[in-house]
Structures are given as structure tokens and as C-alpha cells.
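What follows is a pair of complexes built around subunit A, which joins subunit B in one and subunit C in the other.
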Partner chain A sequence: MRPYFILVRRELGWYAGALSSYVTVAAAQFLLGLGFISLLEAFNGEALNAPLTEVFYDTMYFWLVLLLAPPVITMRLFAQERATGTFETLMTAPVGDAAVVLAKFTAALVFYLVTWAPLLLCLGVVRQYIPEHHPLEWRPVASTLLGIALLGGVYVALGCLASALTRSQILAAVLALALGVTLFLVSFLRASVGAGTDWSAAVVRHVSLLSHMEDFVRGVVDTRPLVFHLSLTAWLVFLTVKVVESRRWK
Partner chain B sequence: MSADPAQNGAPMIEVRALTKRYGRQVAVQEVSFTVGPGEVVGLLGPNGAGKSTILRILACYLTASSGTVRVAGRDVFLEADAVRRLIGYMPENNPLYPDLRVREYLRFRARLKGLRGAAVRARVNAVLEQCGLTEVAGKIIGTLSKGYRQRVGLADALVHEPRLILLDEPTIGLDPHQLRAVRDMIRSLARERTILISSHILPEIEATCGRVLIMFAGRILAADTAANLRQRLSAGGEVVLEVAAPPAELQTCWETHPDVARFECAPADDGYVRCVLTPRGETDLRPGLFALAVERGWRLRELTRRQQTLEEIFLRLTRPDAEAEE
Partner chain C sequence: MNPPAPDEPSFSPARRLRIAGQVLLAVGALSAIVVMVNYLAARHYRRLHWTVDTRFELSRVTREVLARQSNEVAVTVLFDRDHVLFPSVYGLLTEYAYACPRLKLEHVDYRRDPGRAELLAQRHQLPSGEADLVIFTSGPRTRIVRAAELSEYDLGPLWSGEGAVRRSGFKGEALFTAALAAVQQPGGQSAAFLRGHGEHDPENDDKLTGYSRLAGLLRQKGLTVQPLELVGTNDVPPDCALLIVAGPRSPWMPAELDKLQRYLQRGGRLLALLSFYRAGHTRTGLEDFLLSWGVQVSDTFVFDPAHTIRGNDLILSNLAAHPITSPLFDRRLHLILARAVAPRAGPGTPPEVRAQVLFSTSVQGYTASEITPAGLPRVVPGRDVRGAVPLAVAVERGGIAGLGADLAAARLVVVGESLFLGNELIVSAANLDFASLAVNWLLDRPHDLAGLAARPLHEYRLTLTPAQMTRVRWLLLGALPGMILAAGGLVWWWRRA
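For the complex of A and B:
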């Protein structure tokens, strides 16, 4: 367990010291700010029928941050160490493959959540100036954050896997983005097959991140998406461990 | 460390019939050798001979395709974690994190290798001192010169007081001054630890190692002490001779000389003749030639034996008849 914490600290230290992480946070903040403006426009003194978080979610900026941030955050994790050779010094220290992968995943997830922190600030501002008749409820906010964390887990794990597969950071980012967008686009199949009752419709409904997120922003926490996201994340992290191990039997 | 096999006479490194393949390419083929505790051994061979592969397998970074490798009696595949604790490994090109300060990096590495609390501080200070890094301890690694970086790599390899130190080309790319500093450090370590160094430069290995394993194309061709190796390197070497003598006399003299296998003569300036003589067998021609020059009254201005280069030694060792001699 101890190497895991040492490595998490090291990875977080890297994020704290690198210029690129500040650029990432700034870019995410810019997108969230645009979303915030749309939110204010939606208010415009009128009463809303939906929870605030849902309004925010309806702006495309939400998904932009969700899809773009993880590849940028995770691309360096393994690719950089492999390219510079430090991976060899790291893996010849008495640490397990799983500890290394989990530590990198944890640090990336923590940093991913940090990029979302400005959202809380936005909601705080809204709460300050909110009309009396439309209070900001904490439940949808909490479930939205849970959704962000869960989806983030999947996307960060995907990024880890992509980074472990290559020495090139650019390739890792492109691969993670391609896989991530594909997973996201599967949600749109529900428009064509989602209404049906056959198995394909059931599968699409089950893996539709869009539907899961819609539930979360409305304050609905279903165990099915919960299990889906957690198990998908665990599976991707497991695959990453296997990829890291694979150097031994190549 | 209570059940310590090395104390019971197990060799520090025991490699048996080690083979490593990368796909179809064979990097290391049926290699066997042992290194006793306290020995300093050099792995000498041209690039691509399989030196780095052997070190990587010893450091538990790669696994062997077949054969067994033990460090202090522990199997590198089955007890990788225990073996890693015993080893201080500096990979080729000495990769470091450029964003950390020297002290930060060593503290991180010391913790990762299982040191705790006060021991981390004490050992980091000790290796900073030992490697001459105290004055740059607060500098960012990315800004250091190559010589200092090399010392940081060495400090990292030493920080957890490993019993076995593996250094992959530790002096590559250093200037002569830095080279000497690193060599002196390795020599000072040699007193208390087992060290395995790889290099493709003979004087490098000769300066630091007691025993040398010569590798070529994935095999160990010869294992010998550095002194014996030097002997073998110079034995059988061509002798260059510059004398002032009638060319015809020289010609007949070499043709009838029992120890000269081949010769080449060319006129040099001032009436001297430059002869390059290849001896028959391993004999040293020089004393005989000197006596000959005195006897015949030749003026002699040069008499040297050419050292064989490593390439020539490799070629000689790879010749089938050379193997029969072994």
C-alpha cells in the first residue's frame, strides 16, 4: 500500500508543477464559464421547470469538458515515462505493476476532479443571486457531481489504457479521445433503436452515457449506471495493468 | 534479512542457461555465469551483444524466455519484489525526472525503495555526500550537466544500500574529467558491494573490474580477469619496427625468421624502413628483434606492439579455431 501513496503523491506533485496542467484547468474553466453564461441567460428572471444542474448539463460545454479533459490529463501517464526511459527505473524499484497503475489512475482522477472545481464556484454564485421561488437544491447538485466523478472514472481509465499502449503522448491523447467519443456517440443510437423492446435497444439504453447523465443531473441515482460505470472503470484499469505487465512476456 | 542465502555461500548472481528472445530475434543465448559476493565484474561487448538485456532481466524489468536467474539465491521471476530490494540498478542513459530537485528525487526514490522516516533523510544525505552532490542538492535535475546527472543516477542506485549494484554503461557520454570521477566512485564502492557493469569500452572495464565477461551476439565468449585479458589482447599483436637497414637484407631476414608469419616493409624517411610483422602464434617478437638489431648493427628508432582492438578480439574469439583453443 505504501508505494501506492508515495506514487500518488509524486504524480500529484507533477500535476501541481507542470505548466500544462494549469493550461488544462484554464481551458476547462473557460468552457465552464461559457456554460455559466448560458445558465444565466436561461434564467433571465424567469422561473425554470428543471433543476439548475440540468440546464447547465444541456449546454454542450459540459460534454466538451468531460470528453476533452481526460485525454489531455492522462496522455502523459505512461507514454512520457516510456519515452524518457524513467519507466525502467520506476518498474525496477520494489513496486508492483498494479500499484503503479492504480496510483497513476488515482492521481489523474483527482486532477480531473480539480478541473471541475470551478463548477462549484459557479453554482455558489447562482445560489447567492437565485430568485426566491427557485431555490438551488443540494440533491441534484450532489448527484451531478457523482455523475461527473463516475463518468470521469471511465474516461480517465480509458486514457490510462491509451497511454500505456504507446510511447507517444500525442498518439495516446488521440486514441483516448477517439475511444471516448465513440463510447459517447453510442448514446445517440437510442434515437434510432432506443424506443424498441428488443435486446439491441436494451443494450443501447444500458450503455448510453447520455441517459445515465440525464438521470444524475435530475437527481436520480440508479444503481444500474452506478454498477455499469464502476465495473467499466475497474475493467479498463485491469486492462492497463495487463498492458503494463505485458512488457515482461513480450 | 535474517534468512540470508548469500551468507550461506550462495553466489550473488547465478545465471544458468539464460535465453531471451524478442519475437524471432535472439538477444541472449544460453548464457551462464556466476558472480560471487564482493566481486566487481564487467560485461564487455559491442552494442547489441545482449548486455543490457541481461541487466534488465537481473533487475526484474524483463523476464527470461528460458533459463534461471538468481540473485543472492532468490529467483528473479518468482521473488521479483525481494530481488528488487537487493538491487541498485542504473539503466542505460540514466533516465531521471527532469522536473524534480536532486534532493526531492532521491527522497522519492528512497521512500519508494522502502526506507522510512529518519532513515530517508540520513541515507539521502549520505549518498549526496558520497556522490559529491551536496552543492547541487537544491537544483532541478533538468538543469544539471551530464556528469552531475550521472552521479544522481548512481546516488539513486545506492540510496537503499543494495547488496548488488547493476550499472548499464555508467560512463557513456562523459568527458574525461567526469569519467574519472565516476570511475573513482565505482572503485570506492567496490570494497563493500558486488557490482556488475556493462560497457563496450575495454579501458572502462579494465579500470574498474576484477573480472570480465566478453559478450558477442548474445553469447559469453570468454570470462577472465582484466589482467589476463590485457595479456591476451596484446599477445599475438603485430609489431611495428623502424630500422635503418638494407631492404634486401630485411626481406631475407623476415622470410627466414621462425617466429614471423607475415611481414610488410615500406621505405620511410631518412633511409629508415618501416616493417609491420605479424608473429606466428602468441609470441612477443620485441626482445628478439631488439637483439637482432644490435647483432646486425641496425639503427633502431621504433619498436612497438600494436594493441588489438576489441573488434579484433571479438573476431578472434568468434573464429572457430579460437574456440577450440579455449
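For the complex of A and C:
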């Protein structure tokens, strides 16, 4: 475990020291801020029957941050190491491939969660201006953050895989974004399958990220999306390990 | 031993093939495990509600009703996604669908999918432009719950001048569960239209006087619509949940009034629509009968020159705080040649009868004892009055005020007009919603759905002044991202230094 923690610290150290990390967080804060401003302008003086977090997830800014941040965070993980030639050094170190992949995944996920920290700042600011019946209850906020973390796990793992597949950071980011957006767009098939009872409709409903987030923002924690996201994340991380391993026998 | 040549591969093709096969096998095995785990998770799941008000948690009664569902029920949420109640409606019905696999839930947004919405409107004979409703269908049976029925309102702040009307309760679970029970039970309650005095016909499609749309509304509520005559030995059937007297034109026989009295005495529910104009300016006998129930039906026509389109009709917005009219607080009702109806205890009125005005004209209204053949008012000084003239009354006897009706509680809604629920005018203004809410109130028997009271609805009101909005905008879009960038710049400078 020690090499794993050393590698996690090394990766987090890189994020903490890189200007691009701060730019990413600042951009996320700006987008989340835009989302909150648009909500405040739309509902100022109006009555809301749902907590603000429940409305916010339905804005494009929420999904922009969710879809754009992981490729930006993960694109360098393996691609940069390959491009700069440090990948072989890392791979010859006394540490297993799985530990390397897991460490990079963990660090990227932690940084992804840091990217979402401004959401709490935005909620705190909005809370100051709503005197009664705070539209923020900690439990739905907690389940929303759980949803964000679970979705982040999938998208960060997808980014790791994309980064492991290529030397080019740009290509890695584009590949991760394309795969991520495809997974997201599957949610929109919900409308076409409607109340269908066949297996394809069941699959679409099961993998619909929008439905999952709908539940999480309402404060409903369902074990199905929990299992779906965790298992998909594990599967993607496993694929990444195999891609990294492949250099040994290619 | 000679070292391998630099361009020679480390592994032989056979070994590489074997490794590739092993990797493929491992990936395939894990993929199968992932699919199996998700398959099992989809069948054995739990839903935890991390909310303070558990607004999406189903009650025991609803779970029992869902457990009894033996047929497939299609639930179509025909709602605008931006409607204020959509999250509550769809969120709650999603829980119904999870709890009962036989329930097939579908959302149709009529703004984004007008073609599908039009098809639904045709299939369920919805009036043109009607939307924001939930349709429950099981086989030939359909029940519709409209958005206007779903909320309870607190008009207190409006009356006291302290603020706007607040949506205080969400009745979704009670109405949805009742709708599900209704589509599952063939031959439930019935509504009877009284006949024999020239009343409106529930089977008639005539635009002005036909009542087929009101009959359709009752069927959508799971009621069986049947005609009823009280002549001879006929009496009100025991399964009659609602009796409708729709614009009688000729006098009632004393025996008929006795039967009506007995029906109400045993907890009957009556919707009386009494048009003086349709009755040819004559009394039908119901006027005196209703006095014993605390309702005075006047022989006058009501006008409101400031709130009319054609002179003899009324556009009414002076609605009282009552379960029937509170949800319509920002809407209008449209009546024609109405007569005044007011609460007034007569000599035989029992003290436990509670009568309340439902809606009135504005303060510029007045009564006219006579009208010209052209429908214009002829005021008789001394007999007619000016001011807010009441036009409809809700009466309750039995039960506890504010806590709903018990089994033996009689309820009446008396309106001094009947054409406003005819096929043409029922879709004007909020007349259809008034009819729907009136029928709900009349049919309300809490023992049927014990424990399904309206859930308190939190209303979050954002009130930011322009200065505060500017401050928030500056903070969220300028200060916070700026601070993060400044921190990044500092770290960058420190590392370079």
C-alpha cells in the first residue's frame, strides 16, 4: 500500500502545483456561479417548491462541469508520462501496474471532487440571501454530492482509460469527452423507450445518468445506480490496468 | 548465451497470442461479472430517502393499494417540465412505479412533444388546450388528476396584506392513490343526474346546454354516470356518491323533495345548479328546500358592469378561501345570467349546518329583479342590492370544521347558474377546474384513504434586491474565481522563485 500512497501524494502534489489545476477549478467555479446566477434571476421573487439543488442539476452548467472537468483532469495522467518519457521510468519502479493506475485514478478523483468544492461555496453564498425556509437541506445536498462523486468516478475512470490509450493529451481529452458525452446522451433515449417493458428499455433506464441524478438531487439514494456506477468504474479501471500492462507483451 | 537481437520481439507470436487470449478472457469475465451484478442489483434494490420531509416516501395505504394492483396501469404525466409542481408530481409517481412493476410511468411534455400530447388529448377527449394533468389508464377505465387539484393554498398572507398566497400542501399521494384504486375497481361509485324537470342532459353534446363534458369529467374521476328520476317509488340509490341537479326548469313534487331530504340526511352529496333564467323566471321548489340547509336562492339576476364581456355574463375573481376555490385564487370563473345565492339560516335550518360563500361579484356588482327580453337588467329600487353579490355557497353538516367530512356528513354546493358547466362554457376560464374541485370536495370521504392527508409543501421564496443580486453576481462570477486564480498565480510564482 505504501507505494500506492506515495504515488497518490505525487499526483496530488502535481495538481497542487500546476497553474492549470487552479484554472480548471476557477473555470468550474465560474460555470457553477453562472448556473446559480441564472437560477436566481429566473426565480427571484418567485416561489420554489423544491430545494435549490434539485433545480440546479437541471441546468446546462451543472452538466458542463460534470462532462468537461474529467477529461481536462485526466488527459495528462498517462499521455503526458508517455510523451515526456517518464512512463518507462515509472513502470520500472518497484510498484505494480495496478497500483500505478489506482493511484493516478484516486488522485484524479480527489482533484475532481476539489473541482466541485465551489458548489458548496455557491450554496453558502445563496443561503445568506434566503431568510426563511432555507432551500438547502444538508441531506439532499449530501446525496447530490454522492451522485456527483459516483458519476465522477465513472468519468475519471473513462478519462484514465483514454489517457492510457494514447500519447497525445489532446487526443486523450477528446476521446474521453466523446465517450463521456455518448454515455450521457444515452439518458435521452428514456423519452423514446417511454414506459416500454422490453429489455432494451430496462437497460436504457438502468444506465440513464439523468435518472440517477434526478434521484440523488431529490435526496433519494437508490442502490441500483450505486452498484452501476461503482461496477462501471471498477470495470474501466481494470481495462486501464490491462492497457498499461499491455506494454509488457506488445 | 547470446543476447536477443534489438529488433527481435521479446515474446514469440504464440506467447503474445496466449497473453492476448488471457487478457481478453479476464476482460470478458469481469464484464460478465459487472453485467450480472447489475442484473441482480436491478432486481434487489433499496431506496433510501435522505430528505427532511420525506416528500417522496409512500405511505402504508399507498403501498397496500399498489400491492393489490393485479392489472397493468399506464400512468401518463402530461406536464410541462417547467411547471412548478412537475418535480413533486413526477418524483412521487416515480416512487409509485418503483414500488409496483405493473405501473408504467411515462412523461409527455406537451411543449416539447405537441404531437403526442394531441394524440392523448384526442384519446381521452380532453378539451382543446387542456394540459398539466396525470392520466391513469387500466383497460377501458381512465382517471384524470388535474394540476389544479393537487395543491392546497394558504390565503392568509394575502388577506392580511402581509404577502402573497402560499402553496401549503401537496395532495398528490391522496389523489394518485385514489385514482389507482378507481381504475382497478370496476363499478365503483356513481353520480346521478336528476331528470324529470327539464334538467341538462349528461349525454347531450349540445354546445350551450349539453352536459356531456361534465359527465366526461365525472367518468375521469372513476364515477359511473347515470340518470335518475325520483317519481313514483324511485329513490336515490344507496351507491349514489353524488347527486347533480343541473338547471331544473319545472317545479319539484313534494315527494321528490322528501327523497332528496332523506338522501342528504344520511350523508348525501348534492351539486345544485339553479338557473333562474333557464327556469323561465319561476321557482322550482328547491329554493325553499335549500333554505332549510342554510342557503338562500334569490329570484334575482346578478350583474357586474366592470367584470363582464357581453353585459349579461360575469367574469368572477372574487373567490373565497375554501378548499374548492382556494386553488383558483389567481383564476377567473365565467357565468351567464346568474342568480344570487347566499348563506342564510332559515326557520328549519339546524344549527350544525355550516354554509360558506364560494365566490361573489366585485363590489360593483348588483342584483336586478327583472331583465328585458334582450337580457338587460331592470333594477327594482328597494328590492335589489348593490355590492359584492354572492353567487355560490358550499354547505356542510356533520364532520369537524377544517378536518374533512366524516361518513355521515352531508355536503352541498349550490350555484345560481347552470350554463357555466355546459359543454361550451365549462372550458371557459377556470370553470372546468371549479367543477373538478367541487366534485372532489363533495366526494371527499377521508375514511376511504385514511392517512393520505395533503403533505406540507415547503415553499422557498427567493427575494433578492437588485443590490444584493449585483453583490451575489460579483461574488460568484468575479471574486471567487478570481481568488482561486490568484492562489494559482501565487503557487506558480513561488515554485518559479
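Keep this in mind: the second predicted complex is superposed on the first by the 243 of 250 C-alpha atoms of A that agree within 3 Å, B and C clash if a C-alpha of one lies under 4 Å from a C-alpha of the other, contacts with A are read in each partner's own complex, and residues count from 1 in each chain.
We adopt the following convention: a contact is a pair of C-beta atoms (placed from the backbone, for glycine too) under 8 Å apart; a residue touches a chain by one contact, two chains touch by 3 or more.
Not measured: the values here are computed from a predicted model.
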item: Subunit B versus subunit C as contact partner of A:22, first or second or both or neither; value: second
item: Larger contact residue set on subunit A - subunit B or subunit C; value: C
item: Touching partner for A:247 - first (subunit B), second (subunit C), both, neither; value: first
item: Which superposed partner A:52 touches (first subunit B, second subunit C, both, neither); value: second
item: Touched partner set for A:184, first subunit B, second subunit C, both or neither; value: neither
item: Partner chain in contact with A:63 - subunit B first, subunit C second, else both or neither; value: neither
item: Contacts of A:218 with subunit B and subunit C, given as first, second, both or neither; value: second
item: Touching partner for A:94 - first (subunit B), second (subunit C), both, neither; value: first
item: Subunit B and subunit C contact sites that coincide on subunit A, given as residue numbers; value: 17, 249-250
item: Subunit B contact footprint on subunit A (complex, rising order); value: 2-3, 6-7, 10, 14, 17-18, 84-89, 91-96, 247-250
item: Subunit B - residues contacting subunit A, complex; value: 22, 56, 59-63, 81, 84-85, 87, 89, 91-93, 95-99, 108-109, 111-114, 156
item: Subunit C residues touching subunit A - in the complex, by the definition given at the top; value: 10-11, 15-16, 19-20, 23, 26-27, 30-31, 34, 37-38, 41-42, 45-52, 56, 74-75, 84-85, 87-88, 91, 94-95, 104-107, 113, 164, 166-167, 170, 457-464, 468-469, 472-473, 475-477, 480-482, 484-485, 487-489, 491-492, 495
item: Subunit C-facing residues of subunit A, complex; value: 16-17, 19, 21-23, 25-27, 29-30, 32-34, 36-37, 40-41, 43-52, 54-55, 118, 121-122, 125-126, 129-135, 137, 139-140, 142-143, 191, 194-195, 197, 202, 206, 214-215, 218-224, 226-228, 231-232, 234-235, 238-239, 242, 245-246, 249-250
